[in-house]
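Each chain gets a letter, A, B, C and D, in the order it is written, and its residues are counted from 1.
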Amino acid sequence: MQAPEDLKPLLEEILQDALTITDGKVADYIPALAEVDREHCALTVATLDGKITSVGDSTTVYSIQSISKIFGLMMAMERIGDELWQRVQMEPSGQPFNSIVQLEWEKGIPRNPMINAGAILVSDVLVSHYSTSKSALLNMVRSLCNNEGILADSRVHESEKSHGSRNSALAYLMKSFGNINSDVTEVLDHYFWQCSLTLSTEDLARGLAFLANRGVCPRSGEKITSHRDAQRINALLSTSGMYDQSGEFAFTVGLPAKSGVGGGMVAIVPDYGVISAWSPPLNSYGNPARAMAMIRNFANRLGLSVY
Amino acid sequence: MQAPEDLKPLLEEILQDALTITDGKVADYIPALAEVDREHCALTVATLDGKITSVGDSTTVYSIQSISKIFGLMMAMERIGDELWQRVQMEPSGQPFNSIVQLEWEKGIPRNPMINAGAILVSDVLVSHYSTSKSALLNMVRSLCNNEGILADSRVHESEKSHGSRNSALAYLMKSFGNINSDVTEVLDHYFWQCSLTLSTEDLARGLAFLANRGVCPRSGEKITSHRDAQRINALLSTSGMYDQSGEFAFTVGLPAKSGVGGGMVAIVPDYGVISAWSPPLNSYGNPARAMAMIRNFANRLGLSVY
Amino acid sequence: MQAPEDLKPLLEEILQDALTITDGKVADYIPALAEVDREHCALTVATLDGKITSVGDSTTVYSIQSISKIFGLMMAMERIGDELWQRVQMEPSGQPFNSIVQLEWEKGIPRNPMINAGAILVSDVLVSHYSTSKSALLNMVRSLCNNEGILADSRVHESEKSHGSRNSALAYLMKSFGNINSDVTEVLDHYFWQCSLTLSTEDLARGLAFLANRGVCPRSGEKITSHRDAQRINALLSTSGMYDQSGEFAFTVGLPAKSGVGGGMVAIVPDYGVISAWSPPLNSYGNPARAMAMIRNFANRLGLSVY
Amino acid sequence: MQAPEDLKPLLEEILQDALTITDGKVADYIPALAEVDREHCALTVATLDGKITSVGDSTTVYSIQSISKIFGLMMAMERIGDELWQRVQMEPSGQPFNSIVQLEWEKGIPRNPMINAGAILVSDVLVSHYSTSKSALLNMVRSLCNNEGILADSRVHESEKSHGSRNSALAYLMKSFGNINSDVTEVLDHYFWQCSLTLSTEDLARGLAFLANRGVCPRSGEKITSHRDAQRINALLSTSGMYDQSGEFAFTVGLPAKSGVGGGMVAIVPDYGVISAWSPPLNSYGNPARAMAMIRNFANRLGLSVY
């Protein structure tokens, strides 16, 4: 199918369809997330010609949670290069995102940077290599999204810290295997802070467009990363971006994607653009039910699978 | 990079490079495989315009082993449709290809059709739905490859049967969970037979071209499967086709691919063609070291990643 | 508490108490077991002075199932000595009795001879070292119990064979690690046959008295095994005889014991005698609820813990 | 064999035999333990008639490490009774003592109080129920051992804290399942402190004599715990006291026992006394090689198995 000139009517139809999905459960492990209105719903498509089309609450910011793993990973890859892959693998995990079992079997080497253990390890890299890892990351995100107003939500940040026992367990286990260099408390602080960044679907669509554009920001023309590294990040998102539904999402949609428990989700369409969606209720895998449905429907309607 | 008019010099160069790789170990769990000359090496590229370019032993047949899982899966998908996915998942396993641990945890439902348990389950589907599952599969393979001379190697077949204790364990465990319907002995006989099919790199390049061509055989124009199912098979190959190196292969190459312990390997390049390689010595993951290197080099030289 | 001269009133009281336990589920994985009347209940105590005191259906025979593992183990220990412990460990498993997970981790070496994998391995020893392993075992059991009428139940035997997929999986997995020497089918046939032996609570109390009497049969004065080997078998029963309740049974009762899914159970009281009970309904761990309660009450009333 | 009037010559012979064992490795995960002279060796037997017979360095104090789990457990059992068993099981683990895998599977409920996770949970009970849990425990130990000079080694305590990442991981994982009530840092501080207590073999032989004497201190006649609870603790030591060698120790010796990585070990002989040994080098299971050999030899020579 040819992409229509004006995507808005299609996006509107897809959003209305998604609103008929009424099951799913808003993340409630911390109060700050549980209070978010479950009816928020947004869908944005940014194409490489610079057009941004949105429907719903596309300028409302939300807690991007695990989607932030993409930004952290990219910074760590730029900073230490292939050395990173001595400390974290690139294989799908076949286990829940916060599994500690696999981490013990594999002697503290996380399966990939998209599961919690892997992203905590990436946080250790950032904390160890930047004097102020938070502001370095924030500056990068603001610049990519072309939005100086992007902030972390300090209430979510504090709340994560006080409910982060399992992530603490993951970090201490890696430390016991010698795979965390900095102070565990500082590493976790960075990790929780990163998860608490708040962006809108439009911010994210703009901010990740370089992954669809061979590493180059389509707005500024700036080279953010190499074509090769953009492909590598997309490969990781394809095999490991959607938790325990990564295989199913590849099978039914076929696009690199990442979700977060705040209800956000992004999919990268190489040489086309970014699809960015948000709706808080999560399915049993911890993926946002409506957001995933909207992205699947858009991709299927336009035949956007990479395979 | 633009694909050159004549691929032969490039393939020749890549094959010569691969010959410098001297480690790796020929599969020796059965005598019939152990006796194969480790110096065999072949590389074939079939493009959708009908051209087939080869270097090395590209017309010598070898035991395709796990590559046969693609043919079995396609037949089962055509025969019982989405019902198949009630009995086998589509997620990466994160475990060795013959792991029995995960099969117990997940109550006899294999993780995907590319690991042994999944392919044995597919064999059960074929045995249960075809009066003569072997000849049905053989006819399909011969037709796809346009080669009526394709045969199974009866010595390999018998040898597999008498060394198949672990696969028997997988089959009986699935049976104990009620996920095998036919007689276990018959199911395993089909499975081992299928693994013992012998094809050349040219046969395989021709036979799988429909996966790169939206389900249509580029030679005959016949629709082998739907575009959607071709994409779905490619997605499974991308997340699960290369055993415990699937993530790494996606990361470093980015193409749907499948390997076998006979030393064969194929990669699908959507809308371009098929890369087919063979060289017996296996690396520590059970993937053919030279064949994988040849495919990676060709893909990288031409920039063929789907991501 | 001093043991009373006449145990009968105490046993009667304990049996009546046990009849108030009404939950539990008769084993139903094979029809021949499912049809047993759930109301059967028997309790026998054999003391080393030769007295046998019984209440309930103490002369009715039942399928002893896993209790037969004691006889098989003793025969194998006598036959091949400490060589046995190269092929099976002596550690508690911490896993369900039919777990295949641990067997894979530990490369086909079962955790102990009281779990299914371990007893199948013991069966392989017997099949490999006796020309007619079944009649050799049967003769030993008849002699120990002083009852030439003891038989296997051929209906249970056949039924086990046709529902034994999981045990087949365990056997083939051990075979794949090179830890089964004889033909798997023959080994499983011996194992299922052994499980189908039918004895009464009185038979078992008599037959296992040597374990409470330092290896010597208190009736005949014959030395069945060394004192040391009697202690070793009792140690195995203490750490591993009651499936996933072994620790709890040691904690609450403190006697070497073994149960079977036919509802039978025996406990050894060193230098005192044997407690033998039967009642078909099983608790959630697969242990016979009433039989276990009767043994616990008798032991607690007489203060019989070894600890 | 009758116990000889004077045990000293036998103990001397056993100690000399043990000195011929030269392999094993002193615990070196913290400097304070690594520096201990590996040649220390001591053996003490305390019988219930009040006699204490020793050979070797039996008055030199050492870090009792995991042996302290017995004291902590007893205090928690006295304090909260059977409520404790809602939060920790009593089953053998079948896993290494510091395994985090099982703890995840079983949702934060440790397998038994003798593995690290279980002892950390016990520490949480003590910290939550005593205003000053350390001094309460210390007073109890001093009183049991009749030695007001007993102390914790502050250097070992600090060292454990700074090398305790894996124990931190266990504690945070339990916390994430809601099975730790107090502050994790405080709980771990108690746990590490308890492990750093220093006693001699004579102190321990004296201090644990009540477990061999039905709960009553044989010196003072004071009832320390009920007969039943003494039996229950002995049962736990029998099934779980010797890490991954618990089954083997039951099989070859047959006594309730506990070891520590400081090289200490105790065995309880009900109605006879306590065997207490110390020698720093550890075998591959983390059990003290010489101490275990001395206890095994003494028990075998006197035929002291409980089975």
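Heads up, the rule we're going with is that contacts are C-beta pairs under 8 Å (C-beta built on N, C-alpha and C of every residue); 3 or more make two chains touch, one makes a residue touch a chain.
Values in this document were obtained by computation on a predicted structure and should not be read as measured data.
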Quiz prompt | Shared interface partners, meaning chains that touch chain B and chain C | solution = none
Quiz item: Of the other chains, whose C-alpha centre is the longest way from the centre of chain C?
Solution: A
Quiz prompt | Separation of chain B from chain D, taking each centre as the mean of its C-alpha atoms, in whole Å | solution = 55
Quiz item: From the C-alpha centre of chain A to that of chain B, how far is it in Å?
Solution: 32
Quiz item: CA centre of chain A versus CA centre of chain D: separation in Å?
Solution: 48
Self-check item: Residues of chain A touching chain B in the complex
Solution: 89-95, 102, 111-112, 230-232, 234-236, 238-240, 244-248, 250-252, 254, 256, 270, 305-307
Quiz item: Where on chain B does chain C make contact in their complex?
Solution: 99-101, 104-105, 165-166, 168-173, 175-176, 184
